[in-house]
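Right, one structure below, let's go through it.
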Amino acid sequence: MTASQIIFYFIAAFILGCGLLAMTTRKIFRSAVWLLFSLIGVSALYFWLQVEFLAAVQIVVYVGGIVVLIIFSVFLTQQSGKEMPKAPLTRTISSILAVLFGFAFTYSLIYKTNFQTANANFDADVSRIGTQMLNTGDQGFALPFEVVSILLLAAMIGCIVIAMKSSSHLPKEKSTVSKPEL
Amino acid sequence: MNLNLIIIIPLLTSIAVLFCKGLKQVRMISLIGAAIQLILSFVLLYAYWQERAAGNTSTFIFEYNVAWYAPLHINYHIGIDGISMAMILLTSFIVLTGVLVSWKMPARTSGGEMLSKEFFFLLLFLGVGAYGFFISLDLFTLFFFLELAVIPKFLLIGIWGSGKKEYSAMKLALMLMGGSALVFVGLAGLFFNTNTGDGTHTFDILQIAQMHIPVEVQKLFFPFAFIGFGVFGALFPFHTWVPDGHSSAPTAASMFLAGISMKLGGYGCLRVATFLMPDAAHYYSWIIIVVSCIAILYGAFATMMQTDLKYINAYSSVSHCGFVLLGIGILTQTALVGAVMQMVSHGLMTALFFACIGMIYDRTHTRQMSELGGLLKVMPFISTTFVIAGLCSLGLPGFSGFVAEVTVFMGSWEQTDVFYKIATIVACASIVVTAVYILRTIGKAILGPLEKNQYSLLKDAGWHEKWAASLLIIGIVAIGVVPFWLNHLIGPGAETIMSNIKNVTIIK
Amino acid sequence: MNGIPISHILFVSTALFFIGIYGMFTRRNLITMLMAIELMLNSVNINFVVFNKYLWPGKLDGVFFTIFIITIAAAEAAVAIAIIINLYRNHQSIDVEDAVELKH
Amino acid sequence: MNYSEYISLILLLPLAGFVLLGLFGKKLFKQSSGMIGVLVLLISTVLSLYTAYQYFFVNGKLNDVYQTIIPVKYTWLQFASGTSIDMGITLDPIAVMMLVVVTFVSLMVHIFSLGYMKGEKRFSTYYSFLSLFTFSMLGLVVASNIFQIYIFWELVGISSYLLIGFYFDRPSAVAASKKAFIITRFADLCFLIGILILAFEGGTLDFNTLIHRLTDTQSSQYISITTASFLGVSVLTWALTLVFIGGAGKSAMFPLHVWLPDAMEGPTPVSALIHAATMVVAGVYLVARLFPVFSINEASLYIVTWIGAISAILAAIVACTQTDIKRVLAYSTMSQIGYMMFALGVAHLGGESGLGYTASMFHLFTHAFFKSLLFLCAGAVIHLIHSNEMNDMGGLRKYMPVTHITFLVACLAIAGVPPLSGFFSKEEVLLAAFHSNKLIYGIALFTSGLTAFYMFRLYFSIFWNKSKSLDTHAHEGTFSMKLPLIVLSICTLLAGFIPFGNFISSDGKNLELPFLLNFSIAPVLFALTGIVVAMRMYKKENNLPHRVAASLGGLYKAAYRKFYIDEIYLFITKKIIFNLIGRPAAWIDKNIVDGTMNGIAYGTGKVSHWIKGIQSGKVQGYALYFFSGIIVLAILVIYFWK
Amino acid sequence: MWSDYLQLIKAEGLVAIIMFILLFLKLGKKERNTESLLHFINVLLVINFISGFFFNAEGTLFGDMFQTNSLLSLEKNILNLGTLIISLQSFQWLKGHKHILEFYMLLLSTLLGMFFMISSNNLLMFYLGLELSTIPLAALANFDLEKRTSSEAAMKLILSSAFSSGLLLFGISMLYGATGTLNYQELSQQLTGTPLQILSFVMFAAGFGFKFSAVPFHLWTADVYEGSPVAVTSYLSVISKGAILFVFVSVLYRVFQNISVVWYNLLFILSVLTMFIGNLFALRQQNMKRFLAFSSVAQVGFILIGITGQSAAGSASVIYFILIYIFSNLGAFGVVSLVSAVTGKETVNDYKGFYKNNRMLSWVLAISLFSLAGIPPTAGFFGKFFLLLAGAGKTSSSGWQLNYILITIAALNMVISLYYYLRIIKAIFMDKNDNPVEKVKSTFSPNLSFIICVAGILVTGFASSAYDYIFSLVK
């Protein structure tokens, strides 16, 4: 077993372990931290895969952005130390069964598939990515780039409208949902 | 003669009604429109005879064929033969009388409003569906008009009806839509098994009739088409919308429902199921016969136990429409002629019956037999009409019912198999049961001493009601006393259908 | 490459994906549900990168897909959090089971 | 004149009368409708008498055989080639005779009704109905096509219905008319089926062709109808029996006779016309019309004979116990028609063996006169007394001499006292029976004794017995009421002397009616005995009838209750048909057939309710379904459904 | 060169331009007359719609990532029309709303996303378009800011869609792994139908199924529809659904034709489930929006049948039906939206006796419902007929006549669906109500939208030209 392999398995275990903990721990703040670790693990995996640009993006956007956002919102919405309520047992069991079965099924299919590893050289350096990102011709990703920019604009507008505290805080209305009948 | 007029005029009338103000205008426009349509039907009849006399022997005349949805091979194709002609006449009679009967619009909505505009609009619009259906020579057009005639009924019953009207309207609409759903499957199956020679399919009835659809396909789709149309035509056991629907409907709608709507089914069974799938018609013939015999007798016996006048007529319609299906099931030319005659006859007769019941109900506000009695004394015209309708219903010679039933009976005699005869004899037995319930009804409701004193103040029919009833009676008597013209009219049409059936290699 | 068979890496990503799904099913807190979704998206990212690197190294489709997924994940998270905060304002709770007025 | 020039008028005039009076009678001819009716009928009668003259004396015969002449015929409804319903007029001896009888009696009734129905609110309606009836009856007798006869058969039925129920505000009249129609309708059903069978086997609906084909032993139709069988009985027997049932229904033969006594609810002149002279003999006429076919089938003739005989004696017995004078007459009618029926039954085609046929027709002919006379007299009596009950009457001879005399004449005739018409015709009937079947003869003889008894019981109870004091201004009625009585009694007196065999015989040839003096001793003796007994019991008011009734005990009671046949009918209809068929059918329709449809709707609603839990409102649940959906679908399409 | 670019990307460009105009308006002066602003926006949308008829070109851009042709232009323009109608209809509701410009910006960005999705020739573009058309919608669903149900709906929408796009992405990643390409044409040649590919296809299809609410991926639909503002609901139910169905048809027919047996079977199951579940749920609904949500679920089942036809008639009938569906559903939503905006009444019971005071609105609603139910002479009849006919035209590969079984089930489901549509009709026309909805005053914009809808419903069916045109493009 080479070092690379050992590192990989370590990273893999780290990602999965942290991810699992993030999904099971009862304290929301801890959960967020485990998620953070898991995402860092993924970033490590990218490093391991020698896709450094992605690894950087991963850290910047996820660790620096999304997780921070999540943690902020956690602070905004509740006490971090509070234990989260557990899901009902039946839901948990059925979820576990479904997930395990789904995983077994999916992975068995993946496992059985004979992926032919290509021998060509993989080159993902930043300059290539940069060139393609703004290229409008073949192999260019200028259009998706523009689309994403609009998406970000829209998301921004949406966030502002929704999260902006409205000046006149109307009293909380009662539920207006009518019960269906038959 | 441009056959499109047959659809356009009622359509224009119904639209014109929407722009009218006040009951007076509405009903005048409706009346004029319906009267023009009746005249037009007669003109058409005349033109039809002329054309035939001039030696036009093509199966359908006044054909008009334009591509509608060319990519799907859907055409707007219309044309008439004798059978359609008879049905058009029937429809125009009933629409006009329906308008006349609704003259005073006595049935108000639950909100207490008259909504006369809407009422006449729907009534006339229903006519558009019926006319279109009878002249369609393209399965799509046919289906279009078939469904067109469902929802106006729902609204007519639901808004202006009486009793458990919403339930009945819903039941009627759902069952009829169920029927047309089956029809759709049948049509689609038929469509994809046609071959015009260049690999495309067709909806054209005339073309399909010329092709030989594979027997297996016919066997598969015949039941869909037949049961589907059968639901409209009160095929046992899919008849249960009939009693409720008829009894809750306002008078004109009942007339329409029994007089025309149920004929859509019979006509469809004949024109689509039997004509286009003759092998399957042979194959399933015995089932049709058994079921229709059940309907005839069972309907009659069920009628015997009813106490509501409309229920009586509704159940008796089940029984009478059984003859239509019986005639179709027997598959001989005479029987087919009989089936069509029965359609016409039953249409007129039952419309008359419902008209009378409506008039009685308007005056006495009851349809329960036990609460009626002795009406002949206070309203001789209505009562006499009622009796005439009853007598026609029980197959009295001189009225149309007899002619039609006898033709069906005689038709079965052209089949050599004993089975057909026994079935016919079983069906014959209904004439006694019919007599029992008709006379029971007449005896209780019309004759006898006056049931309630306040009835003595009731007025007899107004001019519009008299006209309505007289028109229908004229129709009934014209068929009953001189039936040969109808026979001549229908005969060639039935022959066309028979020629398809006769080519069948009989499969048992 | 590196002596690690591709199926092992795919095991990691698939497992991570299903861990995310598990979290989606069981975490009642809206924010943790959002985290679960992030995990799922990350697993997909790993897939893309691995496939791109191991199987189809000629073009950078997988890597670019990953980049866009990351971007969109950010936008999605932002909007989701805005909605969650608004929900919290209205419901005083971010428990998913508390927001079940609309049902049946 | 050629027949075709005027013969249709005989039918069409009454039809026109019906239409005219029916549509406009109330408004235009409120008073004059009676006269219009009479006038129309008068023309018809004259025309039929002229026809009879032409036929019998001028041109009916060819080679000494009366021919069947069809002057008018047109196709009414064409079925397949060869089978069509034709409307036509057949002239043959019986048709011509019936033409005369029907128009004549109808004329008498029309005239009588002028007085009897005077002041009725629905006077014109009454006359229009009468015209309708006359038209239908005439159409029936001249029918050239078996379906034509059925059509008019039905029309006759409906006019009978309308006339019986003329007093529609009387529930009993309504019930009676309904009963009459339904029972005859049931019989008609059998008739119709019989027609259908005959038509199918014979391949035609035309009478002459049909008879020709079915009697020609060489024809394929004959072979097929006699060899084919159903339930072990030959199809011909089936067909004829069914046709006979039709006739029996209309002719009130046992066991389908129950409607006839009730039918007396109608106005009395109507009873005279329909339920005595014309319509009720339609059954006899039908059998006579198809006689050539009947005569080749022993089994059906046998049925005709026995039904006729049973009806004759049964009705006579019942008649002895009834107190309603019209009912007595009704049973008497039934009894007399029984005579005609069995006379036909014992006859055979051709020559001497056809005596029964001629006798039957002869009796039909004479019976028409004296029975309508009896009814009209009864009508006159009822007109005076306003009651049908024998007990309300008595000693009326003082008040209504004309009626009294004519009634007596009719009674003597029906009792078979020589030399009145009834004597001659009955003599022939008895003779025919004597020659073929002694048992039938015995029954007939006994019946004739009973006939004399109950007729004179009636006669004495009405005109003698207790004396009743009526208002001084009570009188017999108008001239129009008396005239028919007189005319009819003259006919009754004279009709017997017609050499009937010269005109009507089973094969159209001349048949010399035998008249054996020593043979007639027995029947006359029986008749006289009957009369004497009746005189003893009823001439003076006494309690002998009660004593006799008491001594007869059960038999009397049974006869008085008409042998419980009505009750049996009630049981069958109410208990069996209504309760065992009608009610279950209605129940099944409502609960099972309709219930299924409603059940489908209900079930759909129920399912919709059950599955609402899927939409729990919980996002995690949705995700779970989403995910499970993917996995299940994937497994399905990957492994199971490729 | 540039003019080519502009012409090809014209539809997207216009929408983007309108978005930016609105953005500048937002950045500019604070107070504006809301009504004139709304009118201005509607005029812009009208221009956008009309321009959709002109200067349509055919070609690909951005290295085959973006493609357009007359059919796609037509599809986009259908969506333009729908958006315009919705905009007209939400006039009443928006008049009182503070964030009009944001509303339109978000709305148009989703429209833009749909356009890109339709024009995409690449899974990446498809994914981006999908997200662009989803994420702003979640924000829009929350636009009744003070309403509890609105935020609940938004939460459900964003979480569900994120989850579904997670699964969709997993499927895409596996497809990418199996084929090494994101381009449609290349993908279609590479697909061989291995189990993993089928699984990924199912996941991919589930992503679609989520968007167009196929059972069992539909569960978010009703809740979100009910909770969102009516305008958003109608947008979700019509535009968003229509767009994804356009894409679905072309993706299935173009990309996955190698595994058509698989997706035929998949669609069979999905459509049967969708029709039944949609119908069964719609039966019981009391809230009009929720009712329309389930009815639109059921409609999807019918559309899927058209897709199973796998023929030119199939895709033509789907596009045609969506056009009709836009008219019909928007007709219904328009009335509901108007009534809800004016009176706040949204349940079926509130509509009892509606005809008494609101004749025109009742007829608009009735005609729309009839069209949804597929009753002639409305266009819905034609649409449904052609869909089912297309489904029936699929020649069956197995011994079972699956196509006929499918249309039989569908035809019977139409009966069930008729029941609940008639239930509304019954409430409007037949039921008694002591306190019916007062006369709802309708202004120019909603009226215009009703005229468009009703005219569309009545004309589209009879005039075969619409179908013929679509068919000619599809061919």
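When the chains are written out, they are named A, B, C, D and E in that same order, and each has its own residue count from 1.
The criterion applied here is as follows: a contact is a pair of C-beta atoms (placed from the backbone, for glycine too) under 8 Å apart; a residue touches a chain by one contact, two chains touch by 3 or more.
Being a predicted model, the structure only gives us computed values, none of them experimental.
K.L.:
Which chains are shared contacts of subunit A and subunit E?
P.N.:
Correct list: C, D.
K.L.:
What shortest step count links subunit B and subunit E in the network of chain contacts?
P.N.:
Graph distance in the chain contact network comes out at 1.
K.L.:
Could you tell me between which two chains the number of C-beta pairs in contact is largest?
P.N.:
The chain pair with the largest number of C-beta contacts is A-C.
K.L.:
Using the mean of all protein Cα atoms as the middle point, what chain has its own Cα mean nearest that point?
P.N.:
Central by C-alpha mean position: chain B.
K.L.:
Please identify the chain with the largest separation between its CA centroid and the CA centroid of subunit D.
P.N.:
Between subunit D and every other chain, the largest centroid distance is to A.
K.L.:
For subunit B and subunit C, what's the span in angstrom between their mean Cα positions?
P.N.:
So the centroids are 64 Å from each other.
K.L.:
Using the average of all C-alpha atoms in each chain as its centre, how far is it in Å between subunit D and subunit E?
P.N.:
Chain centres of subunit D and subunit E, defined by C-alpha means, are spaced 76 Å apart.
K.L.:
Quick check: how many Å separate the C-alpha centres of subunit A and subunit B?
P.N.:
So the centre of subunit A lies 67 Å away from the centre of subunit B.
K.L.:
Where the centres are mean C-alpha positions, what is the separation of subunit B from subunit D, in Å?
P.N.:
36
K.L.:
Enumerate the residues of subunit C that touch no fewer than two other chains.
P.N.:
20-21, 24-26, 28, 33-34, 52, 55-56, 58-59, 64, 68, 72, 75-76, 79, 82-84, 86, 90, 96-97, 100-104
K.L.:
Touching at least two other chains at once: which residues of subunit E meet that condition?
P.N.:
124, 128, 131, 135-136, 138-139, 142, 145-149, 154-156, 159, 163, 167, 174, 177, 195, 199, 222-223, 226, 283-284, 290, 419
K.L.:
I need the residues of subunit A touching at least two other chains; which ones are they?
P.N.:
Residue numbers touching two or more other chains: 87, 91, 95, 98, 102, 105-106, 110, 115, 139, 141, 144, 148, 151, 155, 158-159, 162, 172, 175, 177, 179-180, 182.
K.L.:
Tell me, which pairs of chains are in touch?
P.N.:
A-C, A-D, A-E, B-D, B-E, C-D, C-E, D-E
K.L.:
Can you name the residues of subunit A that touch subunit C in the complex?
P.N.:
1-2, 4-5, 8, 12, 15-16, 19-20, 22-23, 28, 31-32, 35, 38-39, 42, 45-46, 48-51, 53-54, 57-58, 61-62, 65-66, 69-70, 73-74, 76-78, 84-87, 91-92, 95-96, 98-100, 102-103, 106-107, 110-111, 115-118, 120-124, 128-129, 132-133, 139, 141, 144, 148, 151-152, 155-156, 158-159, 162-163, 172, 175, 177, 179-180
K.L.:
Using the touch definition up top, name the residues of subunit C that touch subunit A in the complex.
P.N.:
Touch list, subunit C to subunit A: 1-4, 6-12, 14-16, 18-23, 25-29, 31-32, 34-36, 38-39, 42, 45-46, 49-50, 52-60, 63-64, 66-68, 70-79, 81-86, 88, 90, 94-95, 97, 101-102, 104.
K.L.:
Name, in rising order, each residue of subunit E that touches subunit D in their complex.
P.N.:
155-156, 159-160, 163-164, 167, 195, 198-199, 202-203, 206, 210, 215-217, 219-220, 222-223, 261-262, 265-266, 269-270, 277, 280-281, 283-284, 416, 419
K.L.:
Residue numbers of subunit D touching subunit B in their complex, please.
P.N.:
It comes out as residues 26, 75-80, 83, 85, 147, 150-152, 154-155, 158, 161, 165, 168-171, 174-175, 177-178, 181-182, 185-186, 188-189, 192-193, 196, 199-200, 578, 581-583, 585-586, 588-589, 593-594, 596-597, 601.
K.L.:
Give every residue of subunit E touching subunit B within the complex, in rising order.
P.N.:
Residues of subunit E touching subunit B: 312-313, 316, 353, 355-356, 370, 375-377, 381-382, 385-386, 388-389, 392-393, 401, 404, 407-408, 411-412, 414-415, 418-419, 422-423, 425-426, 429-432, 464, 467-468, 471-472.
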